[in-house]
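This report refers to the structure that appears directly beneath it.
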Amino acid sequence: MKPKIRTPFFEIGTKNYVYGDTVLEYALAAEEASKQYDIDVLFTLPVVEMRRVAERTSRLILIAPYMDTLRPGRGTADILPEGIYAAGARGVVVNHCEKPMSLPQIKATIERARELDMLVFACADTTAEAEALAHLHPDILNPEPTELIGGGTGEVSDMGYVAETLRRVKAIDPSILVEQAAGITTGQQVYDFLMAGSEGAGAASGICKAVDPIATMYEMIAATRRAADDLKKQGR
Amino acid sequence: MKPKIRTPFFEIGTKNYVYGDTVLEYALAAEEASKQYDIDVLFTLPVVEMRRVAERTSRLILIAPYMDTLRPGRGTADILPEGIYAAGARGVVVNHCEKPMSLPQIKATIERARELDMLVFACADTTAEAEALAHLHPDILNPEPTELIGGGTGEVSDMGYVAETLRRVKAIDPSILVEQAAGITTGQQVYDFLMAGSEGAGAASGICKAVDPIATMYEMIAATRRAADDLKKQGR
Amino acid sequence: MKPKIRTPFFEIGTKNYVYGDTVLEYALAAEEASKQYDIDVLFTLPVVEMRRVAERTSRLILIAPYMDTLRPGRGTADILPEGIYAAGARGVVVNHCEKPMSLPQIKATIERARELDMLVFACADTTAEAEALAHLHPDILNPEPTELIGGGTGEVSDMGYVAETLRRVKAIDPSILVEQAAGITTGQQVYDFLMAGSEGAGAASGICKAVDPIATMYEMIAATRRAADDLKKQGR
Amino acid sequence: MKPKIRTPFFEIGTKNYVYGDTVLEYALAAEEASKQYDIDVLFTLPVVEMRRVAERTSRLILIAPYMDTLRPGRGTADILPEGIYAAGARGVVVNHCEKPMSLPQIKATIERARELDMLVFACADTTAEAEALAHLHPDILNPEPTELIGGGTGEVSDMGYVAETLRRVKAIDPSILVEQAAGITTGQQVYDFLMAGSEGAGAASGICKAVDPIATMYEMIAATRRAADDLKKQGR
């Protein structure tokens, strides 16, 4: 069964900033923070560390950064969906800007993920791309519409674009969860994005390139908790 | 330090024929056969199972079927050399026919492997391609020159092409180990190839699609032992 | 200035079914039929024949099957937008199923086409993909949602899917012209699609693989004329 | 019949530095200089201008910067070998550093070129790559082994690397013509490379980015003539 995600959620991506034991170290910290603040945490990590992290954590929802669409058989260098699922992946990223995909490839990846009850986490570079991808019905959409941010001139405009992107995606498919992850480096930004309506927030370089990655992770997950509480108080 | 390989050696590739626990099961059997027959065994497996297999085996030389050439950092869907090395890979395949590479990409992959003291296992579709790749000095070359096999019409011609390919590769770089893996399905073929001069033999589908893959693996590694003994008797 | 297209229009694609003089021969016939029936004809042809066809025709709207997005400079094997425009191309295909593109590449190609006042002719494999692409605002959308055709079981359902696709695309951007080109082999099909609401119809293999390609071209353009007249009578 | 090339020859590549009428202008100048100095000139140009240049010149040997390997049929965005041949191409570049190819793709392109009696002009980034490609037997090899040039520290070492590359390529296949084109911006460099043993010299940016491209072209072709005469005097 596809994992259920309670909102607001938090997502951590290690990309290839770290490898080996450090991936596990980050995952264990994320697991602990997830428990401490009772927040659902998605953890995106290289497939090579998937199994070890899965064996040592129980709360994290583990996401593979990519998979191919082949079925068991040949395809020696491909990432087999069944293989990463067996290792513990419960979701997969499609169309990350560092691994852009054609529409037929996105569609095929989504279909393979559906077969295995894996979550689909889709990335979009622009609002138009986010709307486009919404028609393919991913579970989570992570739009990073840099063209609307206006040079990061201030929080108000940022929050304006968040609301606009949300509105447009939900108009196409209200069941898609929208996450903001563009340029987040502090807990306060996490809080602001969530209060502006995003159902999730996330960070990759914001954590991995921080002076203290694990403290930053805790700060952001704590901010997610604070937003969860305040949203509840507001009856949202 | 780059692993040393005693010849004749045997190589097993699981491709994506199997995944999850079955990969470990095959690896444990290969480890056991390697010990029983005192033969060096290269085991090529999906990166997602690399760490678990590395933790449970000590004799196998583990080979990744592919890696990218990025350095730690961004590149969310890429296979990081340091990442697979940390998980236990001690070699990498380049230019597998199911993942063809450009010459600059092959060269860059070899350079990254050299940095990490990983073995380079290069594949070639034809004799000309094998000669071409020999100039890039991989540790092992696996030529599958189907155009010379002539429909697999018989052992004599097969052995003729083995000798010819060996001669051509060694003329360019005598330190390259040459493996034959094309179409091997029996221990007898392993024996014949090794007696004809190949320094290694290997199988992927020949094992994974066999009625009893583990028995076939043992049969082939036993044949490698037999060839090792007979080569020694002949003073080769 | 971007070419204006009068609807209903007809589109011919030669793909690589023909080359050399035959491309010119087909283009001259299309030009003649376009004039005879007073129908706007889009003609998609290999870039290598673009200039010759442009020099010998005046009514055809010439479409390149692909272009890259580089600017004048290096990029020795790329198709330069300014280069095909100078040769006579007034439009470009994006995301043909035989050349699938990532969303960022589609977006970049559309932006380059806009700079040069070239028409954008986008292809989609499915209705969802057509909706996705509508958010990128091509001039013409050619959806071939094979999953809805139901094995080509009959005209009623075919026409049902045409109407549904039209409705969905127009809901996103009513200015996009929708063309049907999937599996058209007769003038009657052209007529039926146009009467069902498509603003254009087209054929590639339906013409190039016909027993008499030029006669088939005339038949289809004549059918477009007939539809134009009947739509006018109906006040549509 | 495949064009015969008299040595020393000169090669001009326009890449995408110029387009439209300028390509023709350069080609006509190259044709005139070829005639004036009685030197064989290879002219590499975008396929979109191939036919026009072919119709207006008779001495130039026209080279396409790339082709696909499909046969007439589908493949709407591909460059069909028969299509560029019909337009006048008599050769094709393989493995340009701006369009790297896998070994199987290089091999397939060479086979298609052979079918059509087209020259194969192969590019290599390094000496090792040049040796590798020599095993695939192109007609012309253009090695640009930047790692050996040593920062362009002077003519002596440059000429040392030219001789070494020549020696290595000829050891594999003496019938391959070796061209030097790396960093040539003056006629004197053309002369020096040819006197050092290269059978051809060439320039792309060295001409297209010159203050006066056509004068530079003449200067280089004149230098080729001068080298031809001096080589003859020396009985080489």
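Chains here go by letter, A, B, C and D, matching the order in which they are written, and residues are numbered from 1 within each.
Just so it is clear, a contact is a pair of C-beta atoms (placed from the backbone, for glycine too) under 8 Å apart; a residue touches a chain by one contact, two chains touch by 3 or more.
This one's a predicted model, so the numbers in the text were calculated from it and none came from an experiment.
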**OP:** Between subunit A and subunit B, two touching copies, which fits better, same or different residues at the interface, with half of the numbers shared as the threshold?
**Re:** same
Subject >> Rigid-body rotation angle, subunit D and subunit A, from Cα fit (steps of 5°) >> reply: 180
**OP:** Could you please state the distance in Å, as a whole number, between where the Cα atoms of subunit B are centred and where those of subunit C are centred?
**Re:** 49
Subject >> subunit A-subunit B separation of Cα centroids, rounded to whole Å >> reply: 37
**OP:** Report the inter-chain centroid distance for subunit A and subunit C in whole angstrom, where each centroid is the mean of the CA atoms.
**Re:** 38
Subject >> Per-residue multi-chain contacts in subunit C, two or more chains >> reply: none
Subject >> Which pairs of chains touch, using the document's own definition >> reply: A-B, A-C, B-D, C-D
**OP:** Under the touch definition given earlier, write down the residues of subunit D that touch subunit B in their complex.
**Re:** 95, 97, 100-105, 107, 124-126, 128-129, 131-133, 135-137
Original post:
Once bound in the complex, which stretches of subunit B touch subunit A?
Top reply: 13, 15-21, 44, 46-52, 65-66, 70, 72-80, 82-84, 86-87, 93, 96, 98-99, 204-205
